[in-house]
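Look for chain A in each of the two complexes below; its partner is chain B in the first and chain C in the second.
So, the complex of A and B:
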């Protein structure tokens, strides 16, 4: 995660570089450190640094790291010609390197030569089966080909070894959701909540999945996780507020007849409706009528 | 001890400075030698996996209250059932690290290489300093110190009457040995400084046994009482929203 101060710093540096204030190298370092994806900027400024012999030699051994970074950015921007050039330079410098091999495999991937890229990846994996980047590249490749079942298979294989990698769990959860395999997705989100219990987005996503699964028990749980999201975000998350309203309405529908709804849940619902109304009034008054008609259809009393 | 000892300038030129220079040079040399003989360690897949299992189980233990009871029970069963739970270590399979070390010659080899680059130059320099420079008072610190520093600063001089602010040559060697880290990180780059003090600390930690921590984690997981925290969150959300409106 990128903290706010870091983001500000990046944006400030980006502005500075854009207006010709220098500091390109610092900007590139920061982008690399925070793993941001600003390929166009990285390509532009990295290329200008690499093209200037005096600037380039000032970097010393860091020069090669920059080559790598810019090559990846070039692939991201579909400037495959440039990427190829950079990789060639690196290849000349480090003929036997696995890291360069990885770049070459990525280049194949960027060209869409899936079979060859796959071959390159598996030969790299044979040398070092713990290369997490290559495992992930494989998943990304399967995903790029639209082959989600294969992507799931790779991800599961990867998670069998690196089961504490929460980014992989998140990826898997998202793939499951897109395939409408909600039970599996729910498991993944539970895993994410376990690893980072204070991130509201995971609670929110888990609540979404539970709501979609349906059933009284799941709806109750879903409402609780929406409540947790509200608590963690200080009531600023609109989706969670809507979620509370929807859950309460759905629960009300299911328990019609034996109406033992406690007051508290109704209170939570009306409070979230109020908070929603307030937020809409503040940010987009034009859509207020839409909101009130929606809430009315959910039989939420304001 | 009213009068000060006068140190010969020759001591500075022939003991103090050469000693420091030699220490620096040896440090640099050792860095390159250890770089040459270092082999890339490929970790065992089992060990990597065990480490990851432990992290995941620890997460589960720490945040158990954030997932529904059903999910928690399923996970606990997955980790710690007696047949094929991830944390379950079958009896007798727990290898003790000593045996493991002997069974794996690579491991012993690595240890030896590490020690080779550390101990041999150290012994040699120590012997060299001891032989040529023993008993010198090599320097004087410009401020007074208490008696407790005598062991640190006057190693090799058994005179209780010498003022503590004088540094013996052997102590100067030790000060250099442990104090040159900053200089090395300047010369050799940030992270590849040869840091003796740290390496010695690592030596103590060797012999770590993953199976034991697996067992400990399993016991910890077994006694966790699941108490779903989420119902409380509803009340908290109500409070948050009340404050907002």
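So, the complex of A and C:
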């Protein structure tokens, strides 16, 4: 999960390196720090750094971290031959290392040798049953084999122990959404909002799930969370602004004028619509008329 | 009914779908298909496609906004929703996800002959090796019992690409990494200056 500025920074560096402007090591560090998945670029740039003896020695002890990063990228790109080479280098430097052991298990995964990978993971867990990375790799393996029910089961077990792992909660929520298990997804986002109430993305995702669940109560709650997102993002989040309009329209449809006009909610909807129009006028003027007719069909009164 | 109700997809619409899937290899993606048909029993022409999402496909809000805007825009051009495209997260997954079926069901309410296309990763993978002109997707249509059935490679109701050299153009786009330029509705919602119409893509 990265912010817009962080993403722009990474893309800028990537362009720079791609066009021969240097900065490969900064790029690789940034990708590692932000935990991005850009395997093809990491493999390309990392490989060129590692193949250059002068660049490699300039890294000092960080050389081994780079070997690890590029090995994983190689596996992601299915360049298992390269991955094996890099892991061999690490094995020679750090024999008996658990961290290298994890890479070896990952290589088995990449080869699709699920049973062997499972054995490798189990033996690593015997030495350290609280190894978070191994637990999560087992979930990833289940997911890769299409065993979503098992992935969910293990992920839930993992979260009983490591309930502060936000990435795991997000992964679980996304698996639930892909299976259309919205109530369970909602629960995950509730946990995330409780532990990190100032992260707007969780409020937004929760609002999206509530809207998808439907029903008057959920729609009202959904509107509140879109409003919270707008609050936390200074009114700049387009999805939340649209969300308000969608909720108000859906609530209006369900109640069909049975309730007395809620001035506040109508005001909220027209404010969101105005914010959307302003944003489109500024940044996407070609689509402004399309936006206006969309808002009209949502019966937004301006 | 009788007669062959085929589906013909235009090259640009076809290529956009595959490029979108290639841009987001680690997640499921979807798209809607726009076109026209002379009526029940006649062929459906898929003229355009709009890539929709590459994350949290099962959520309604982005889908609803996208559908309103897309129908509005293409309605003026005489095109309507005629189908849906889905690519699964895993390359060996050939199951039609329930999300895909649900969205497909929704579209058939307005266009009963709607097509549901599922990316065929195996075909896509072997594309550079052969001279296959058929599209790298599986076609599903709703049968009499209202369930989605895979259309076999024999018989009527085939999906064909309008331009016979489309796969060659597709391979060209892939090797020139054109998939980096494609924009979907998700990208637009994150940054409204991005054009989900992809009007500059094939210029």
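Assume the second predicted complex is superposed on the first by the 234 of 302 C-alpha atoms of A that agree within 3 Å, B and C clash if a C-alpha of one lies under 4 Å from a C-alpha of the other, contacts with A are read in each partner's own complex, and residues count from 1 in each chain.
Going forward, a contact is a pair of C-beta atoms (placed from the backbone, for glycine too) under 8 Å apart; a residue touches a chain by one contact, two chains touch by 3 or more.
What you see is a predicted model, and the numbers here were worked out from it, not measured in a lab.
Considered on the superposed chain A, chain B and chain C are sterically compatible, since they fit side by side. When the two complexes are overlaid on their common chain A, residue A:190 makes contact with chain B while staying clear of chain C.
Once chain A of one complex is fitted onto chain A of the other, the partner contacts of A:266 are absent, as it touches neither chain B nor chain C. Contacts of A:89 after superposition on the shared chain: neither chain B nor chain C is touched. Residue contacts after overlaying the shared chain place A:162 against chain B, while chain C stays out of touching range.
Of the two partner chains placed by superposition, only chain C is touched by A:37; chain B is not. Of the two partner chains, chain B is the only one that A:230 touches; chain C does not reach it.
Once the two complexes are overlaid on the shared chain, A:278 sits against chain B while remaining clear of chain C. Of the two partner chains placed by the overlay, only chain C lies in contact with A:209; chain B stays clear of it. Taking every C-alpha atom of chain B against every C-alpha atom of chain C, the smallest gap after superposition is 17 Å.
Across the complex, chain B meets chain A through its residues 42-43, 45, 48-49, 52-53, 55-56, 59-60, 62-64, 66-68, 71, 75, 230-231, 233-238, 240-242, 244-245. Those residues of chain A that touch chain B in the complex are listed here as 128-130, 160-165, 187, 190-191, 193-195, 197, 221, 223-228, 230-231, 234-235, 244, 264-265, 267-268, 271-272, 274-275, 278.
Chain A makes touch with chain C in their complex at residues 4, 37, 144, 146, 174, 177-180, 182, 205, 207-209, 211-212, 238-239, 242-243, 246, 279-280, 283-284, 286-287, 290-291, 293-294, 297-298. Residues of chain C touching chain A in their complex: 26, 28, 55-62, 64-65, 68-69, 72-73, 89-90, 92-93, 97-99, 102, 189-193, 195.
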